[in-house]
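Before anything else, here is the set of structures, which you'll find just below.
One chain, subunit A, links the two complexes that follow: it is found with subunit B in the first and with subunit C in the second.
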Partner chain A sequence: MLSKLADSTPAMPGLMLASAAGSDSQRTLYPYVTGTSVVGIKYKDGILLAADMGGSYGSTLRYKTVERMKPVGKHSIIGASGELSDFQEIMRYLDELILNDNMWDDGNSLGPKEVLNYLTRVMYNRRNKFNPLWNSLVLGGIKNGKKYLGTVSMIGVHYEDNHVATGFGNHLARPILRDEWHDDMTFEEGVKLLEKCMRVLLYRDRSAVNKLQFHSETLINVNDKLLLLSTAFEWLSKMPKFYTHKQIAKITEEGVTISQPYSLKTFWGFSAFQNPTVGAEGSW
Partner chain B sequence: MFRNQYDTDVTTWSPAGRLFQVEYAMEAVKQGSAAIGLRSKTHVVLACVNKASSELSSHQKKIFKVDDHIGVAIAGLTADGRVLSRYMRNECINYSYTYESPLPVGRLVCTQRSWKRPYGVGLLIGGLDESGAHLYYNCPSGNYFEYQAFAIGSRSQAAKTYLERKFETFVDSSRENLIKDALFALRETLQGEKLTSSNCTIAVLGIGEAFSTLDQETVQRLINEFEVVGEDPPAEAAAAPDQSDGAEPGPAAAAADDDDQETPAADQGAAPMDI
Partner chain C sequence: MTKQQANWSPYDNNGGTCVAIAGADYCVIAADTRMSTGYSILSRDYSKIIQLADKSLMASSGFQADVRALQKVLAARHLIYQHQHNKQMSCPAMAQLLSNTLYYKRFFPYYAFNVLGGLDSEGKGCVFTYDAVGSYERVGYSSQGSGATLITPFLDNQLKSPSPLLLPAKDAVTPLSESEAIDLVKTCFASASERDIYTGDKLEIVILNASGIRREYLELRKD
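Moving on to the complex of A and B:
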């Protein structure tokens, strides 16, 4: 970049400064293809994350099968809203991080707390260089029985809590969670609560699509034996009743489980929706 | 080893496939005053002999805290030891800053760099990670090994002999007994000279207990306890508040209590070395 500036011979010093703006093409200025809210809660056996599968291109709901949640290592799940290409970049960083961690082969592994703090450092450093990764991330996991749920924003603001959300989720879902979340919810209660949040988001967030993915990280105890990943998956895939576009994923101490996509049931038959323009003729 | 034409440079191999400079560096470790390390499942004890060069000077510090959960004892060129300690502290702090989590000790031990000359110091590194307490020995060659117990420095063979006899008991040893074994082993290296709190240093770290160096009073008390065979050691509760950081958890102190009622008998059975 600097060499390009040196090559151009500006007529006036001012032009030199102006041409520095060319370097803007190297920084993230606006997001282009974005994902909307991610919502996460702690429940009795671990963590549940939910996100829809939409990728918006501005106001167009362009991509409808985008997986915005991914497992990270043995113990964590990450969910992202914001620029999807930056999320893919973050996944590359994390893949390298986990790979190096595994290469030690020494019985130690990075847990969710370590991963979130690593991401915080990455996000904050990029923000300092005025070239942010335009994402809000939710990171949840369970390690040695200890549950962890946290979030970090594109400018590096991070915190942990029993329930977190990104984007519109903060405004629409968190109030519901503040009222109705409690400690030691069962898996069914957790899913139901998250579905309630996602339904509100579907009604009110214009970037939401009715195709959800749930991720959960949990310890499933069946006859005092931990359910293996594949068994858990099957059990989960039998669970949801409306079974087309939503995905629930669960992470046990053993691993991550992702359900098939399915949709929420929605109701549009409210009387106020019939003849909506009756009070204001000509409007739409 | 005698001087030969292949020993000038650390980058020169001898025809026999030896790096003499590295071997000479390992000799430097053998000249340093003794350092001993032992570990149980939950604790690591580091002990070293402190020789002051004269009555007027203070003795050199040979045990360093690297992090709350990692400590190192050195033997050899203490200046090199300090350089390495600073490097290790740096690594630990950087890791903690990025991951908000303590650096697993096994990932710290591969640190030797091949600059102009090898470091002339051996490191006994005690630390914790997810799988419990660990003790490593890092030598100037860059190799490192994990040990249940080890001794380095001058006259360390005497300590090693003692440790070899008793190491099988260390795994489940209580904290107090581990410290006593360390002092026993240390006494071996003094070959007749009296062991007092002014010529040795002891440091402990463990699960739930941050790294700390025992103060002179505690050390002297512990020495007195085993010098007089047959005397019942005082209640363990007295020992716990003496630690500077990380309070000894209650159950551990109680457990140590139970152990100690038995150990006077055990100590009498395994009679102190009469060499």
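Moving on to the complex of A and C:
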């Protein structure tokens, strides 16, 4: 019986032929401008996604106002980490998907599960052709009261859970979420939990920038919608002054609101950082 | 300057272990519910078992995206079979289909390690075990995946008569009763979880017999 295949050696014949024909330059080999982690959770009324607004060019933090989360159709939000140009291409695929869905004009619309399933097929297919879309995607949404949150990687590995994260988020945020996430969190609790995760990522992920966006997908009826929005603004006004402007994004049944970018408060005044060379003879 | 080569692999190992045991009139298929990548756990609650037909269940570990694609292909083929033959596929028929489907991708394989379990046309339990490119045989019991190296020797010892180590095997199926087989499976996974980092969280057991299908769950170590 064939024993396990070595992970590091993909089947080569296809690649050989392509390089002979000179079309190797058409394949994605490595990413150029990348986004870092996206973190998402389910809460009482829907889904909350958070991501910073950075686009790194290798080790340079080149772009600082990149929207890495976008609404999709009526029911979903997508967040992406990895190559930003591939994310833009994915958005074009999704625009076409949603357009065709709308053209049916049958009163039905693609929910988050369907959209993520489509994306999983797309990612897997590109991986099969050895030309991946270099992204890890998070997709969340609500349809008919049912919440959905899932993720797919650049080689097509996908799963759903109450909380998901990409990249560094998997290592730093998921443990926090496993410990502190619980069912039926309020909006404020959800944002606070996500901020905690994003703060850890800001401290420890070198490609993170201190400029965040939140996206939320909420299911509320018309009366409640007005109530919920006003609660959000009230909460915003109570925020301490070092927050510049804040944007909280909500997707209700009727539309998406995206928060203004804002920054997290960080603390660098730990005594060990103040005079780091004290006690280390010979250091400078 | 030399051209930079591709540095990504189209494969990943998402871990997990699967076990199946065939009895005189039942079949037990079990798999853990942990999905991992590298040293991280992606999900503690991901099912590796799928019901392909009335009397066939497949449990697969390995690269989850390939497993998913394989499940979809088989489900689609089964649907076509039902349209064409006006009946469900038997377990041995599904076994052949799975083998052919895997070999079809002989030169870019599905990184999936499968056990197929169910009841044959006579109502006897049957288990088929596969490698990644479709080589298969009918056995009385089998284990695949990251914990297989820990579980298989234990099953060989406990299920002596259907073991292929007695050449030829004395029995086609285990003489154990259904509840004894389930207990044995639980012991297997409890042990494997101790030493295999990719096995744990929860165990999903599916039991197929003449009266139908049922599921049992058991909590496993979460570390």
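Basically, the second predicted complex is superposed on the first by the 230 of 284 C-alpha atoms of A that agree within 3 Å, B and C clash if a C-alpha of one lies under 4 Å from a C-alpha of the other, contacts with A are read in each partner's own complex, and residues count from 1 in each chain.
Methods note: contacts are C-beta pairs under 8 Å (C-beta built on N, C-alpha and C of every residue); 3 or more make two chains touch, one makes a residue touch a chain.
All of these numbers come straight from a predicted model, not from anything done at the bench.
Q: Report the partner of subunit A that touches more of its residues: subunit B or subunit C.
A: C
Q: Now for A:H158: first (subunit B), second (subunit C), both, or neither, which partner does it touch?
A: second
Q: Between subunit B (first) and subunit C (second), which does A:N170 come into contact with in this model arrangement: first, second, both, or neither?
A: The answer is second: A:N170 touches subunit C but not subunit B.
Q: For A:Y118, decide between first (touching subunit B), second (touching subunit C), both and neither.
A: first
Q: For A:G107, is the partner it touches subunit B (first), subunit C (second), both, or none of the two (neither)?
A: first
Q: Looking at the overlay, does A:Y30 come into contact with subunit B only (first), subunit C only (second), both, or neither?
A: In the superposition, A:Y30 touches subunit C alone.
Q: What part of subunit A is shared between its subunit B contacts and its subunit C contacts?
A: In subunit A, nothing is touched by subunit B and also by subunit C.
Q: Using the touch rule from the top, collect the residues of subunit A that touch subunit B in their complex.
A: On the subunit A side, the touching residues are 104, 106-111, 113-114, 117-118, 121, 144.
Q: In the complex, go through subunit B and note every residue touching subunit A.
A: 97-101, 104, 106-107, 129-131
Q: Under the definition above, what is the set of subunit A residues touching subunit C in their complex?
A: My answer: residues 1-5, 7-8, 10-11, 13-15, 24, 27, 29-30, 120, 124, 127-128, 130, 132, 153-159, 161, 170-171, 174.
Q: Across the complex, what residues on subunit C touch subunit A?
A: Residues 3-14, 35, 37, 40-43, 45-46, 63-65, 68-69, 107-109, 111, 113, 131-133, 135 of subunit C touch subunit A in their complex.
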